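The structures considered in this document are given below.
Next come two complexes, and both contain chain A; in the first it sits with chain B, in the second with chain C.
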Partner chain A sequence: MNLWARLQELRRYPSALVGLAAVGLLILMSVYAVVRYPYSEAIRLWRAGELTWLEYPRNAAPRWFNWFGADLPETISVTHERAKALHAEDLGGGVRRRTLSFSCDFLNGGGFPKELALFYEATFTRTPPQAVLTWRTPDGREIPIGTQVLRGGGRYIISADAALVKRLGGRPPHEALFAHPAEPGKPLRGRYELLVDLFTFEPQSEAQLKLIVYGQVHGWAGTDNLRRDLSIALLWGAPIAMVFGMSAALILTLWYLFISAVATWYGGWVDALVDRLTELRMILPLLPILIMVGMFWSRSLWIMLAVLILYGVIGGSKNYRAMYLQTRSLPYVEAARAYGAGNFRIIVRYLVPRFLPLTIPAFINAIPGYVFLEASLAVLGLGDPVLPTWGKVIQEASGFLYMGSSYYYWILLPAALLFLTGVGFAMVGIALDRIFNPRLRAI
Partner chain B sequence: MAKQTKSAVNLVNFGRSESATLLRVEDLKLYFRTTKGVVQAVDGVSFELGRRRSATVLGESGCGKTTLARAILRLLPRNVHTFSGKIVLDGVDLMPMNDEWFRKEIRWRKISFVPQAAMNALNPVLRVGHQIAEPLVVHHGVSQDAAFKRAVEAAKLVGLPEDFLSRYAFELSGGMRQRAIIAMALLTNPELIILDEPTSALDVLTQANIMNTLKKIKREFEMSYILITHDIATSSELADEVIVMYAGHIVEHSPAARFFKAPLHPYAQKLMASVPTLREDKELEFIPGQPPSLLNPPKGCRFAPRCPKRFERCAEEPPLFSLDGVSVVKCWLFAR
Partner chain C sequence: MLENLRRLGTYAGVRGLLLFFTVIVAVWLIILIANMGGAMDKIIESQIREQVGAMMQNPDLQQLPEGERKKIYDQHVEVLRIQYGLDRPFIERAFRYLWNGITLNLGYAERIHSDTGSRQVRLILVERLPYTLLLWGTAQFLLFSTSVFIALILSRRYGSFVDRLVVMLAPTSAPPAWFYGIILILIFASLLKVLPYGGFIDPLAPPTFLGRALSVLKHMVLPVSSVIVGGIFATIYSWRTFFLIYSSEDYVELARAKGLSSRSIERRYILRPTLPPIVTSFAMMLIAVWMGGVITETVFSWPGLGRMLYNAIAQNDTPVIVGANVIYGYLLAMSVFVLDILYAALDPRVRIGAVGGQRL
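The block that comes next holds the complex of A and B.
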């Protein structure tokens, strides 16, 4: 009878252990997400817009794609500090010329970089510094890229320079500059150099440069079309899904346990009213109601949760009603009446505790349903406008998916996490059902 | 008919003054509404019980014994059709009292009840000690822990060892559970305890044990008892008076000494003849036929169709006849 002892019986069910591992993983993810990116930080990062994420590749796949033989490049970033100063001379009249080499080892044969960009930060009073850029390939070819005037801070997207594209024969620079001379469809592996002749025209004028060779893979989750690291959304999706699913499941499970006891105990019109309300809830369509709330009122996750709970507390549960109808006439309840226990005492100490163990599997089994509901709303475009959730990632990804698109990772990971939630809780719930519901117990 | 019964009741006082009467039931009726019709489970029952007296209610299954007990405690099911009459306890009529008052002032404060399925009357999720203590918590607002201590004392009285009190009901044997319920009934020191078949569903050794416990309690506590049973041997152990019920009526109410020697009503005689005795070798008798349906009871004497001594008058319902000032019988044979 001891609750803890019965929970320990879970060890006898291998499926329950797998389920517990899945649930444990989700909880660890939630804790890690909250510790790693505090709530406000996660929201700030997710809503920051492209400027925060400029140095991240756009639509990069997860890094583990390479485990399956893809050999895709990661992002290489060469800062000013890591650049080699080759030459420096004073040309007189305050004009100085320095030659810098930004070198990077490009060793992946599976694909070209996604983009190529030079970030700069220049200080000057009247005349901005200028940079003359030359690309040197591992086999010693030198390709002039052009001259860039460094006005303040900004970036020169080498891969988007139309003039350069024309000079390279119409090929995008991030491919042409890395292409193998013999097999233009493949990249040439080795050390590439960006040679920068940096001219400054004033004594105090200075410039900081940074070369970024955008990769095709990033992190464990990849990035989206706004260059955001998807790991933030996937990590934060876990605590949001857990809180949403668990609070809805907990509140409603306990409510049904309690209100059904009250209704069946008092019987008569109270029972009839609650039962009619239950039937009303059963025919009220939840999803359209939530869609209307999302369209006309608010898409806030917490308001959706509140509406869901308000919807749920209409009436009780037919299952509990059936069980209580049987229990209310058991001898021990009659005995309690005989020794003068009041209605409230009978409900709280005699009726409800008897079914409390049964609510544990019911609670666990109810969680994934609410998690999926939240995801469905997000996929329908009614996700919380602020919070990063799994459903919203799927919804954003869905705009970019088509047959043959290589962005499937974008939808695969959040879907896998939703699947993990469903299967994990279901496996634990089914085993708990067997433990707490003796009729299902195998002998 | 009601008038007749009332007048008959006034004759029966067992030679004691009015103040010695603890409980007086007058023309109590409890009818149930069912899909087949109205069941007249208790139909115009009247009797009196003195202080520190024990009465046993005898009768076969379905004669209304348990319903009578439940009616006294107002433990009514939801399909009540008629609930009328008078139940006077300590000179106060309980019938007009509202349910909340009845629950707080009567149940367990004045009348304790050991229900029929006492084996299953313990809350499966409470420890036995807390269960025994429940009435104290409910009625006297005693804290759980203090009530538990009192429960330990009450348990001792009925021979329930202390270490059983921290167990759950399913860990106890039937006899132990029965003791727990009896301990619970004693806890609030009521004036009347109604025991509904306290020894049914127990093996004979446990029965004997419980009976001894009840006898001890009867000696030590100045309470009145109503013992409902179909076991004549059990009732002979404890009763000062015997009430025999048949088909919702009381057919005989006699002092135990007289009843066990020579019952008056033909039904009671037949009942006694069906009991095996240890020393004489006698043919056990049974009553042919079966008790009438209470949905539509026969007119006249309800036992008449099975009665070996029936005659013309039995087509009319007999009133309660008083005999020697100590017995009442509902049979035309005793008409003067």
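The block that comes next holds the complex of A and C.
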């Protein structure tokens, strides 16, 4: 039966179809990740530090939490362009006063915003502009926030203003300003306004403002403690895991198939040497070696992959050796020798092809191990320093596990993707094993 | 018979020698990697200088004249250099590490010490051993015995609902134990708060034996469950398949045809010939017990050998790394050896003459 017909048999196994769907999803994810964020762009975003991510909420849950009745707010951003100019007057001597209204509709009853901040970008030569801020709630109350001197560019974190906290009775401003007057534990829904009296003291002086009401949910993946959008890491984790797992599995599977054929064909000292090397590999512990490489040399994923392959190519495989030992005296090999085929030709055209189909399940079954090996190293703190991978997200999140259930999203999503990869490939691999291994076929 | 014994003896001797040589090469490689071929010396040297430099900040020493201080500084650096063995070339030290390791003269740790304060590598390893044996012995034994037992039952009820369920669930063993460990910590420690996050014993446990034992047991539940959850279905699946293959052999069919009871068929015709592979997997399991799980122990803060090895690597304590790996290598080589001999002696299908002769 030819290869394609055998692969078609996968359709008979429902679990294999589920596994294939999972693998297909991961491949789609990988393609999307690479197209959406090119390699260098993904690394830049992930390593950019908090400055790039200032306008994102910290530790926000995924948006789909709201499907389960949570009704948590998303981030609302009101730019200068969207603010309404209420009033403008010239006070003489180059001093101007403008009144702006930054209004936002806060409609979620399930929670307060995470933070509240006003970003500004001011131009002046000697006297910086000033902003007098007043908060107006939907029910018409006006709460003075204070006066802010706008020196150059920066942000005024309203929710972290200690003086304001004191004036609001010790309550964090992002809760107190949004609280329902009758039920202080709940937010009041409706249109809030930040009234800004902007004073400029020089003719050329200007100021651009932006109000950000940080939400508790963001995107489909949420954000981490550095405000980074986790969707980048979750998306990019897919191609990294696939490339790492597949290349290691493919190279090593083919190597074992080939080197075992060479060793058994030549026999004698070649076979003995390869067999010794196989035993050497069995005695050398892989994980401690990779840990040492990570600690002392480099944590780069590609170096780890190279070390893993170098470790793997020490010797061959005892299983293939046993199979080749039986094959090399079979009549078709004898016949090849009789017509004068050279050693290389016999190995490549007669011995290896016989067992090539058997490597398909072996290849698929080897992938999850390597994918989880990468995650293992990351969990030990030896993840690649620049690449966003699932294991690294799990490692970063696991430190927050004891802080309560609001952090679970952070670990559950990468864990689910790792699980999907491992189980998906294993489902296909087990079915392939049953198709290609005649002894398992009947069972 | 005698001829066979003589052959077996020669085979065992040559195999033993070859495996011993393999262990030497393996340990040598570990030493080279652990020291990055000598590059680690520079790091240690700079750490020594920093340490002595910090000591020189002592006000008493600050008052001494410059030349005097330089002398004291150099003396201290030299003492530490000798203590770390940096006064000799790396190649020489590598051979010394190797010789000491192979002769099981494990020497003294450079940084790590045991709970009792000893720096002897042997004591450090021996102190961690019971923890690892307790955790992994329990977990692997439970995993092994339940899965073989269930597999035997399933192989009798081939195709039943439970059987198909197990086959379907076998892929869930692709993730390793630590992965399930994190999930179990999330559920039982963080969410339900019924079991501890990790560690070996609650420091506030009652001082009675029962109180302490219960506390240890409580700390063992999650790591043991993570090992079992992470391995149970694939293990059952592979044993079940294995038993099924053996129960479809011709001689089993013959025994059935003779009308033997299914119990005696199972005992005499299925279990008996499958004994060598069962012994193998049991032996491999014992080795796994020794090394434990570096990551699982780290995830659960379990004070066993795995976590100790991780700490030794983190602090670059070569004698401890070499010591742990030497013992691991020896145990693995020994079990490979014993298994080889057992196979050669017990399994008539492994013909010593042919296979062994070719290997020599």
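Throughout what follows, the second predicted complex is superposed on the first by the 439 of 443 C-alpha atoms of A that agree within 3 Å, B and C clash if a C-alpha of one lies under 4 Å from a C-alpha of the other, contacts with A are read in each partner's own complex, and residues count from 1 in each chain.
Heads up, the rule we're going with is that contacts are C-beta pairs under 8 Å (C-beta built on N, C-alpha and C of every residue); 3 or more make two chains touch, one makes a residue touch a chain.
Every value quoted in this text rests on a predicted model; they were computed, and no experiment measured them.
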Fit or clash for chain B plus chain C once both are placed on chain A?
fit
Residues of chain A touched by chain B versus by chain C: which partner has the larger set?
C
Of the partners chain B and chain C, which touch A:A426 in the superposed model: first, second, both, neither?
second
Give one of first, second, both or neither to describe whether A:S405 is in contact with chain B, with chain C, with both, or with none.
second
Which superposed partner A:G19 touches (first chain B, second chain C, both, neither):
second
First, second, both or neither for A:R337, with chain B first and chain C second:
first
Which partner does A:A249 reach: the first (chain B), the second (chain C), both, or neither?
neither
Which partner does A:A131 reach: the first (chain B), the second (chain C), both, or neither?
neither
Should A:G267 be classified as contacting the first partner (chain B), the second (chain C), both, or neither?
both
Chain B versus chain C as contact partner of A:R349, first or second or both or neither
first
After superposing the two complexes on chain A, what is the shortest C-alpha distance between chain B and chain C, in Å?
5
Using the superposition described at the top, list the residues of chain A that contact chain B and also contact chain C.
267
As the complex stands, chain A meets chain B at residues 1, 267-268, 330-332, 334-342, 345, 349-350, 353-354, 356
Report the residues of chain B in contact with chain A in the complex, numbered from low to high.
73, 75, 78, 103-104, 106-109, 112-113, 115-126, 134-135, 138-139, 168, 170, 181, 184
Under the touch definition given earlier, write down the residues of chain A that touch chain C in their complex.
15, 19, 267, 271-272, 275-276, 279-280, 282-285, 287-289, 291-293, 295-297, 325, 368-369, 372, 375-376, 379-380, 394, 398, 401-402, 404-405, 408, 411-412, 415, 418-419, 422-427, 429-430, 439-440, 442-443
So in the complex, which bits of chain C are touching chain A?
18-19, 21-23, 25-26, 29-30, 33-34, 36, 39-40, 158, 167-168, 170-176, 178-179, 182-183, 185-186, 189-191, 197, 237, 241, 244-245, 248, 291, 294-295, 298-299, 309-310, 313-314, 316, 321, 324-325, 328-329, 332-333, 336, 355, 358-360
